[in-house]
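In what follows, chain A forms one complex with chain B and a second complex with chain C.
Up next is the complex of A and B:
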């Protein structure tokens, strides 16, 4: 518990807490000789209680005015799970259905399926840190690694806006890997790449990605949303002339990723069901114990202070109501 | 002024001045005291022929009579803060005037000794017969707010005359019994009539329910009480026990105290005085 106040100078008002020690706030009735009044434990208790209540009420008011709050803090937690960066493809083609055309009627676009299934996936993963990045022609930073599921779900839901331009995988991967730079290595680190196409990786990026994958110890899962009749990851070129990165970017990206040396698995999903299976597979695989810090936001205690003061003052007012008024002449 | 106090002495006053009480002096009285030789009491009108004839030495025997003597009446009043409670003060003033008037009516001298924390000469009135000084004293008492304890009572005896006097001791006895014994010991040479002044507001007129904060009038100590019938009864019982203890303390000195709990009246005190003299 780290308590702090907004305006510390107001704490000087805490001196007023001593006030009830000097003045009980009760109407004093003169008595000729108090020795004649037998000691009564209930009365002693009551007067002590009244003083404490008055002191607490004043303290509550002062602390409320000073703005008492519990500072933001992090709690160490150990859970089953992973650091996952979901890397979503936001290219134009993602807005098409698996059949490769604009979705009509009950058909779902690839992006919709991915969104729906990823949301389920995120909801299932209780203690993961999940980040979201997107890429199109350029990478988009969406949500850093966080344990806040609500934020992640919102980030995924936010991809429902119409898609952007092309597919630039290498930049996206670079962005995804950068998420891990400030994080300690606990549990497993996963980049979940969801895309429906690939692009050639230039030599510079290739060099950098190799380096980063080594440094960050990241596992890569690639869910390739394959459009019907488009080239797949595992297709062999029919013509040796097509055996190059420009003609078959998917195959070459797969080859490149396989050659990274870090654990890598590719799924080729041709329908929403296949996509679900792939995600379930990852869900099952990635459950290593991990250590992470949960952040608890700042908690404003001002309301509680005022509530306490109000309650106590109401009680004291009630006692005042029961005070005996002796007419003395 | 209302009815005076009819105080009669069950003892003989040693005063040489003629007055209204049985005295030790011989003089112009109605009651035969003894025979004396003519040489000791040279009043030929009082020669007792029979006694003279019967006297073996042939001396003249003269009858002498008791002289009614006066007595000094004192009022020792407790002027501590607790005596300012409720209408104790007005009772004190009323009694002071009644006692002074009665004493002057009998032809006795009346003195007042007011006792506060420590001796204060403004509250001392030597025995006399001036009503004016009593009146100014009363005015002074009326305008003064009593403070402090009644420790001055211990020194009161020093201001009394050395001859046995009639002493009214007016106090609420709100001090330890040991102090009361000390006071009574110092007053043993005098005829003490203790009047214990209590008020119903302090003893029985207490609230049954509620919260009340009492402040001691003498030492300013405060105590908050949660009043309920059980506690109320407890306080009443304590006062009852206190009354018994005070009575016991006075009786051990051969004095019966008069408790004035209800409204003060001269009849009440006269009734007590009649019982005492009988």
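Up next is the complex of A and C:
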């Protein structure tokens, strides 16, 4: 339990708590000779109690004004979920429709469908940590792994701005894997790659990616948004001369990712509906138990302080009415 | 006293901010002409540091979005999100911004600003465009961006970054290791796009089709970079934005406190402290030591000392 205040300087007002020690707050009745009054333990007790009440009331008011609260805390829980990094393709072609044309009328671009369905997906995943990375020619770090769904949604919404340049998928994967570097291994770790194309992976990055995938124990899902009449990831080359990474980058990226040795699944989506099915499938698969930290928001204690002060002050006010008014003639 | 506690909050107009920071990540932002803790740091590093400080100071319910500029346009990393609940996320993303995120290596600030304003004009967010004004290649004055359609439609600020003294631009290899500085031969000193803005009779070796800019090798100082302040001020006037130079995070904070950027929004403000203070005062009066008794007390002590 961590208590804190908003304006610590107001705590100096706590000095006022000492006031009731000097003054009982009661009307004093002059008496000719004090020794004539017998000592009454009940009265002493009552007087002490009244003073304590007054002190507590002052303390309550001061603490309330200073803004006493319990700080934000995290509680460790076990739930179902995963650490998911969404890796989005921001290449120019994502702004085209599944038919490979600029979207017209009611048509949705691939980026639009991905944005809409991924937003739904993020909203459904209550206990996950989700991060966002993007890539075109260069990888972009967008949002760290976080349980703050609002932040993730606003990052996904920001992809409605025009797409950037080319598809440099190996750098994007490297960026996505780097998200897990300082994260404890708990639950499943997922990279969800959403792209509409691929690029040849050079030998240098190929080796690094193999290493990183092994180290980080990441599962990879690739949702390939296939444009009509473009080569797919499961296509076999018709001509042996086309059987290379430059001519069929999608097939070769798929081969490379399958050979990583870490769990990997590819989906080929040719329409928004297929994309939705792929996301639903992942949603179902990824429900392993994991530890996660639930954030408990800060608890405002000023209400309690004021209520206590109010109660005590009412009591003291009541006591005041019982005071005997002795007229001095 | 009791009555005062019944109404705990009051509607008050409070300034909150909705800012989208667009940060220039072109190469010239790597020039090191700022100091941070008596260490030379790059412009980009200094901007990141200043913004991270600024964000801790924004009032809750303010929103911050983040975008990057390079080439001729900018991209938005995330739309404005509330600062207090998402502080950690914004801070981490800011710290990760790197010049290597640039998807292309040109730098045409006027066009970049134009496309950014175009992109964000629908939102209610104010734009803070942070750049050093260094363009690569320098823009041909015949092909200037036209802001007339957008003037005063979007509110915001251009923040000029960098020193007025020209400094060299560091060069890096593909792994990010520094490999010296750009030299005079590395950069174009003039745009050779489109029609020449010069008088043909003045150009040496002019040929309308093959050499509209002449045949002379052009040398210049484009490999060095300084804050192009007059250029940015002119852009600010054309686009109806404000202008300020970044010297430290304090001066950025003051520039952002411009009332044009703030949005007055009714916020529930806790005013219970008014009544609490009143109650406290009353209690203090009741329990304050009786001056007459105090006086008596002191008199007695003085008498004791004398006797």
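In this text, the second predicted complex is superposed on the first by the 233 of 329 C-alpha atoms of A that agree within 3 Å, B and C clash if a C-alpha of one lies under 4 Å from a C-alpha of the other, contacts with A are read in each partner's own complex, and residues count from 1 in each chain.
Keep this in mind: a residue touches a chain if its C-beta (ideal position, glycine included) is under 8 Å from a C-beta of that chain, and two chains touch if they have at least 3 such contacts.
These figures come from a predicted structure and were not determined experimentally.
Enquirer: By the touch definition at the top of the document, which applies to A:47: first (chain B), second (chain C), both, or neither?
Expert: After superposition on chain A, A:47 lies in contact with chain B alone.
Enquirer: Report for A:154: first if it touches chain B alone, second if chain C alone, otherwise both or neither.
Expert: Touch partner of A:154: chain C, not chain B.
Enquirer: Quick one: name whichever of chain B and chain C touches more residues of chain A.
Expert: C
Enquirer: Does chain B (first) or chain C (second) touch A:323, or do both, or does neither?
Expert: Only chain B is touched by A:323; chain C is not.
Enquirer: For chain A, which residues lie in the overlap of the chain B contacts and the chain C contacts?
Expert: Chain A residues touching both partners: none found.
Enquirer: Residue numbers of chain C touching chain A in their complex, please.
Expert: 1-2, 5, 65, 67-68, 73, 75-82, 85-86, 88-90, 92-93, 96-98, 100-104, 119, 270, 272-273, 276-277, 279-280, 283-284, 286-290
Enquirer: Which of the residues in chain A come into contact with chain C in the complex?
Expert: Per the stated touch rule, the residues are 13, 16, 19-20, 22-23, 25, 54, 57-58, 61-62, 64-65, 90, 132, 134, 136-144, 146, 148, 150-151, 154-155, 157-158, 161-162, 164-165, 302, 306, 309-310, 313-314, 317.
Enquirer: In their complex, what parts of chain B are in touch with chain A?
Expert: 81-82, 85-87, 172, 174, 199, 201-202, 207, 209-219, 221-227, 231, 234-235, 238-239, 242
Enquirer: Can you name the residues of chain A that touch chain B in the complex?
Expert: Per the stated touch rule, the residues are 24, 26-38, 40, 42-43, 46-47, 50, 319, 322-324, 326, 328-329.
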